[in-house]
Amino acid sequence: MPYVNIKITREGATAEQKQELIRGVTRLLQDVLGKNPQTTFVIIEEVDTDNWGIAGETVTERRRQGK
Amino acid sequence: MPYVNIKITREGATAEQKQELIRGVTRLLQDVLGKNPQTTFVIIEEVDTDNWGIAGETVTERRRQGK
Amino acid sequence: MPYVNIKITREGATAEQKQELIRGVTRLLQDVLGKNPQTTFVIIEEVDTDNWGIAGETVTERRRQGK
Amino acid sequence: MPYVNIKITREGATAEQKQELIRGVTRLLQDVLGKNPQTTFVIIEEVDTDNWGIAGETVTERRRQGK
Amino acid sequence: MPYVNIKITREGATAEQKQELIRGVTRLLQDVLGKNPQTTFVIIEEVDTDNWGIAGETVTERRRQGK
Amino acid sequence: MPYVNIKITREGATAEQKQELIRGVTRLLQDVLGKNPQTTFVIIEEVDTDNWGIAGETVTERRRQGK
């Protein structure tokens, strides 16, 4: 039943890494709450660094400053 | 007033099909709850099959297995 | 595979009406895109009218004005 | 057209403060992007501190540590 | 702590405008609720006009009608 | 930077279990993508079983049928 939405910045996550996140989150929900993997959705959304802000700055700007 | 977010895998939904979903959901909310279509938002988000997981597998992998 | 999130104001939707929305949206996705109901999630979220704004006003305020 | 979702911890935001957030965000979208307030939705969701985690800790725990 | 998600139609918002939205929303949350900018996330998502519906019509269609 | 939203049915998840989910997801993102826990948000939302549908049925109804 769980629905998990993971938003990360679009900075090169590979298909293998995304598969690993999906497998890991699904197993975590099974281990902690006994949730059925067959009805566990995990959706990963990759967001452009111009479109993600922290402390009032875009991640693009923070990367330029080495943050 | 309703806000509806529909996430589907990016597997070729046409503009006509998306229009049909928007029309259908808007009418459903009007019929069931009397909601005003003028203030009903429907947003469709298409997600890459590498980014959608069920049962710990990406949809890309499940398609490869014919699921 | 579809995940549908419906946000409505918390204004008395009954269990039967919510069941009707869930059934209707699931059937619509099956009819329009051939999606499998067994892996179609529909989640309804009811939001307090103090917490929903349109045109810069809360719905609570708009209701007071008869909008 | 904009849809804005604001998630904050449930720590006593008043109706007036939520109205102020709704008004401020709506005006910001009008000023920056010329968006029509009449079709601008702002939804505020208040999350229990047990249900919000940062740095692997719940906000409830961080508050106990004075963070 | 706040998480803000802004969905707008993909109609040419510039990097500068998105930076302005991020800065403005972060300052608003600081002014109204005293939230710490360092832990304020703002995520902007741009949605194709075929994928956004109001009053049962896609924004693409409404633009064609001059709405 | 990651933002993770976990939706589960409201069926008695304890504060400890939610802390475990938050810790587990944060560590997973650190291990797989090297993400900084200090700027990793995890938000858990618990949804009434009347408000969650699968295969066109509410979870309330499915529980009644022993599913």
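Going by the order they are written in, the chains are A, B, C, D, E and F; count residues from 1 in each one.
The rule is short, and it goes like this: contacts are C-beta pairs under 8 Å (C-beta built on N, C-alpha and C of every residue); 3 or more make two chains touch, one makes a residue touch a chain.
Listed by chain with UniProt protein names: A, B, C, D, E, F = Tautomerase.
In this text the structure is predicted, and so the values were computed from the model without any measurement.
In this structure, the chain pairs A-F and C-D differ in their number of contacting C-beta pairs, and the larger number is found at A-F. A repeat of the D-F interface exists among B-C, B-D or C-F; more than half of the contact pairs are identical by residue number at C-F. Inter-chain centre distance (subunit D to subunit E, centres taken as mean C-alpha positions): 13 Å. With each centre defined as the average position of its C-alpha atoms, the distance from subunit A to subunit D rounds to 21 Å. Looking at subunit E, one finds that residues 3, 7, 25, 39, 41, 43, 52, 54 touch two or more other chains.
If you draw each protein chain as a dot and join the dots that touch, the picture is not a line, a loop, a star, or fully joined; it has some other shape.
By the touch criterion stated above, subunit A contacts subunit B in their complex at residues 15, 18-19, 22-23, 25-27, 37-38, 40-46. Listed in rising order, the residues of subunit E touching subunit F in the complex are 3, 39, 41, 43. Subunit E contributes residues 1-9, 13, 17, 20-21, 24-25, 28-29, 32-33, 35, 39, 52, 54, 59 to its touches with subunit D in the complex. Residues of subunit B that touch subunit A in their complex: 7, 47, 50-58, 60-61.
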